[in-house]
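Next come the structures, one after another.
Shared between the two complexes below is chain A, which has chain B as its partner in the first and chain C in the second.
And now, the complex of A and B:
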C-alpha cells in the first residue's frame, strides 16, 4: 500500500515537472508582445497576407510589418482595444515591437518566399491553420520530405543546391 | 518515506524533465522597423551614389545599403575622378558613420573653456544660444564675426560665403595644411594661369616627379593611381618610365623605375639642371623660348653646379634630361615635399618649366588647364565660390591669430576636419589665441582639439548622411559635378551646417535672410540645379553629372614663352651644430593631416614603407643611426628649436643621410580613444614659416636633433610578406 502511494507520488511529481517545463517553453513561443489576431484580419476582414508580409513577393524573407504599417489602419480602427493601445504606445515611443519568432528554417537552407509566392503557391500550403488562429503557430513541420513532396509533384527542381546553397 | 532507490528514481526523473522540458527552442526576436526606410527590401541591398569627403579629392562613391544600414563603400564606376576605385580612407568612411564617439546631441560647455568638459543640451537651447550671440553681434559689430572652416566647395561654400557677406563680416577663412598655394603661384609665374593643371599621366611616356607623392597623398591619389597603372600597363608597346627625385623613399618613390635621392628643398635646382641640358643639347621644340631662358640665367645651372646643390651625379642629370626630351609626351610634376619648403614656388616652377620647355602643355599625355567652372557661368561672380582655388589660407590664419589676441573677434564659427588647433605649427599658439575669443561655436562630428576649445558644439552629420554637391579639383576634363545624398537616415541628432546657417539667417532677417532665401540646404541645391537644367533624379542616381563632351580647356598665355623662375634656396631653422638633421615631414597615407587618426581601420593600416601601425615613428638612415648610436625600434626624442616630441626609430636605407622623416597625423591629445596619446605631434616641431613665393606653410624648414629616450610601449610593425627586407643585405 505504502509502496503504491509512493509510486503515485513519483509519477505525479514527474508529470508536474514535465508539464511545467513544457508549458513554459510553449508559452514563450506562443506569447507575443501583442496578441495579434490572424483570424480576424485574414478571414473576417479578408485581408491579403501580403498586405502585412509585403516583401513576400520581392525577397527571400516575407517580412514583418513595421509599426507604421499597423498604425495606417489602427489610427482610426479599434483604437480603444487594449491590444491596439499597446501598438499605439510603441508608435508613440517610436520603438519597434519585439515579436517572438515562430517559424524558422535552419541556417543551411535557403527559402526564397518570392519564388513560391510568384509561382502562385498559396500561403496556407506551408502555413496551414494560420487563418484560424489568433497568435501565429507553426502547424506544419518543415522537414525536407515536406518540401520535396511538393517539388516532385510540381516537377520543379529537387537539386540539392536549389535550397542548400 | 523515500528510500535510496526511490530517491535515485526521483532524481533521475527530475533531471530528465529539467533537461528535456527546457530543451525546446528558445524564442528568437524579430524586430521590425518602426518606420521602414524608403524602397527597403529585406535582405536585399540598395546602392546609393554620393561623393566621398574623407579627403578633398572628391571621388564618387556608391554605398551598399541593406535594411537601412550602410554596409560598404565602393568607388562610383561612372565618376571620372576615380572610375570605380576607392582608397582606404574612403572605405573607412563607414567607421566615421558608426563611430561610438560621434557627437549625437548639441554640447554646451560645463567646465572652464578648453577643459573639454561638455554637457548635452537640446537643439532649441543650442540654437537660441547661437542666435542670441549672432543677434547681439549684428546690432553692435557685425565685422567681429569670424568663420574658420576647412576649404569647402559647391553650394555649402556658397551658403557660408553669402551668410558672412550679408552679415557684414569679411573674416571668412579656410585653412588647409596641404593647400596648393605654391602650385598656383608657380603656374601663374610660368604659364600665366593660376590654376591646378590636369596631368594626363595615363597617356604619358615619361614621368618625372619631384617629391610628389601622387600615388598616396596629394591632390587626387586615386585618380593618379589609376592613371599611373594605365601609363605602365594599358598600352601594348609602351611602358611609361617613371623617375622620382626626393629626400625620402615614399610609396610613390618605391614605385619608380629610378629613385634619385636629393637634398631637401633642392627640387627646383634639379629641374633647372635638367632644363639646362635640354636647352644646351637643343632638345626643346621651341628654340626662341630656349634662347631667352638660356640668356636669363639657365646657362648657369650646369649639371655640375646642380649636382653640388642637390647631391645628384651630373651624369644622372644628363641622362634624365635626354630621356625626358626623347620620350614625349612627358610630364614633370612636383608635390608636397617640394612645395612645403621656403622655396616651394621655385621648386614647383622648375617642374612647370620642364613641361613648358618640352612642349607638353595642352597635348595628350601632357598637362592642360580645363575650364572647370564652365557649367556655373549663370552664377556670375558667385561661380568662383563653387570651386574656390585650393589655397592653404595660411597667411589669413596667421593674421586671424593676431586679431584673436587683439580682441578683434567677439564670436567665432568653426567647422571642418582640418583641425587648426592640431595642424598649425605649435609656436603660433592657435589654441591659446582661440580661448581669448569670447564666444566660439563649433560645427563638428567629433570632439577634436579645435572643437574642444569651443563653448558650444553643434553636431553635424557625416558625409554619408548629407545633402550636397561637389566639384573635384582635379581628375576630370571639365564640368563634372558630384551630387551628395544621404545614403542612410542620420544616425544621430545632427544638422548640416548650411541648414543651421539658413535657419539662423531666417531669424536674423533683413539682408541676411534675403541672401539665403531657402527653406533648407536641400531646397537651395535643388532650386539651383533645376535652374541650370540639371535632371536631379538622374544626377542623384548616377552620383553627379558627367558630361561626355569636354569643354575647351583654358589657354596658358605664357606656355610658349615661359620665364625663368627666380632662384631661391631653401632655408632651415636651427643651429646646424645643435640640430644636425634636416626634418622632412609628410602627410601620412592613412591619416593625412591627422583627420583619419580616430578611425581604427586607418590606425591599423600598415604604412606601405615601414609597415608600422598605431604609433609614430621617425625614419633614419642607417649611417646616421650608427653615428647616433640608435638601433631600429629605439625610442627617441626629436627636438627642434620650437618643440620636441617622442617617436620610435625606423632605420631605413632609403632615407637620405642627414635627413629624418616623420609622418604627420599622429599625436592627438583629444579626438577620441583611437587617436589620443599615440606619440607626439610633428606639427609641434615646426616653425611659423611660409614659402616666400606663395605664403603656403613651409613645413620642410627646420633642423632637428635626435636623443635616445626610453619610451613606454614599442612600435608595432606588421609582418613583411615580400621576403627578406633587412637593410644589411642591400647596403
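And now, the complex of A and C:
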C-alpha cells in the first residue's frame, strides 16, 4: 500500500517537474513586455552593448535604455513589426517600458559596472551567451567564487570591503 | 595602491554642535531613534559626541570628544570575531566590518574599549518618504549584524575609482568622510598617512597629539589634538 502510494507520488512529482519546465521555457519568451531580441541587435547588426547600456561606462548600474533610445532607430527601422509597434505605443503614451529584471546581483554586494568596463573586461565575461539569446536569460550565476577566480587571476583587490560595503 | 587612512580631530576647534553625527546618520543609512527609544540606549549612531565636565577653579568647562571608530592597528575587536567578519583591510589599512559574514555574536562590541560598535537588534524601517533618501552606495543592514564607523569606505572607493579612471594618485583632501565634510569649524581632518605630504601626516607630528586610551596599546588611527590653554579657552 505504502509502496504504491510512494510510486504515485513519484509519478506526480515527475509530471509536475515536466509541466513546470515547459512553463518556464514558455514564460521566458513571454517574461518581458516586449520580445526584445539580443541576438539580432548584437550579432546581426553588430551593435555595441554600450550603445544601449551606456551608463555601464559611468555608473555602478549598467542601466536599461530609455524608450527614446529605442526610438532613435525604430522611428524608421521595422516600424511595421508588431513588437516595434508596442514600443511606439509606449512612446506615444510617454510611459517607460516595464522591463522585468533578468540578472540578479546577490544582496549586500557593490558591483560597479564602470570599473569593469574601464578595465577592459568584455561584457560577455559575466553575461555569457547574451549575444545569442532571443529573450534575455541569466546563464551565469554570480557566486563569489566566480568573481574571485577572475580577481585572483588579474591580481586585483580581493579585500572583502572592495565589494561588500 | 596601498593607503593608510587616518583621522585627526582638533579639540580646540570642536564646539560640540553634533553636525558630524547628523551627517554620519544621513550618509551611512543609520536608523534613527526617537526620544523615547534613545532614552533606552537604542541609538544606532556610528559617531557620538561624548561630553565631559571639567572644573577649573570657579568655572566649569565642557569638553567635547567626537568618538568615531578608532580603526585600531591592533584592534581588540578583530581577534575575538569567530567568523572573521571584522578584520584588517590590507589595501586601506582600516578595520573592516563585513555584514555578510557577521553572525551576531557581539563579541567585538564587548571587546571594544571605545564602545563604538552598535548592533542591529531589529529590522529597522524608514517611514515614507525617508526611505527615498537612503544612500545607494552602501547596504542597509538587517537584523542581527554588528555595524560601526567605516571611515566612509564608499567615499574612499569612489575616490580610488575616480583616480584610477584618470590615471593618477588620490589627491590629499579628495576623500572626505561625511563628518569631516560637514564640520563647521573644520575640526575633523582625514587623509592618507602613507602620503608624507598629506595634511594628516603633518598633523600627527603635532606635540598636542594624543590618542584615546593609549595605554591599552590598541594603536588607534583616529587621533586628537589637545585643547590649548590660554585666555578665553
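Rule of thumb we're sticking to: the second predicted complex is superposed on the first by the 141 of 165 C-alpha atoms of A that agree within 3 Å, B and C clash if a C-alpha of one lies under 4 Å from a C-alpha of the other, contacts with A are read in each partner's own complex, and residues count from 1 in each chain.
By our rule, a contact is a pair of C-beta atoms (placed from the backbone, for glycine too) under 8 Å apart; a residue touches a chain by one contact, two chains touch by 3 or more.
Remember, it's a predicted structure, so these values are computed and weren't measured experimentally.
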| item | value |
| --- | --- |
| Touching partner for A:147 - first (chain B), second (chain C), both, neither | neither |
| Contacts of A:115 with chain B and chain C, given as first, second, both or neither | second |
| Touching partner for A:104 - first (chain B), second (chain C), both, neither | first |
| First (chain B), second (chain C), both or neither touched by A:96 | first |
| First, second, both or neither for A:55, with chain B first and chain C second | first |
| Which superposed partner A:65 touches (first chain B, second chain C, both, neither) | first |
| Touched partner set for A:47, first chain B, second chain C, both or neither | neither |
| Partner chain in contact with A:124 - chain B first, chain C second, else both or neither | neither |
| Partner with the higher number of touched chain A residues, chain C or chain B | B |
| Partner chain(s) touched by A:73 [first = chain B, second = chain C, both, neither] | neither |
| Chain B/chain C common contact set on chain A | 60 |
| Of chain A, residues touching chain B in the complex | 6, 10, 13-14, 17-18, 20-22, 24-26, 28-29, 55, 58-61, 63-68, 90-91, 94-101, 104 |
| Complex contacts: residues of chain C adjacent to chain A | 87, 89-92, 94, 96, 98-101, 136-139, 150, 153-154, 157, 161, 164-165 |
| Contact set on chain A toward chain C in their complex | 60, 107-108, 110, 112, 114-115, 118, 157, 159-162, 164-165 |
| Touch list for chain B against partner chain A, complex | 2, 6, 9-10, 13-14, 17-18, 20-22, 24-36, 41-44 |
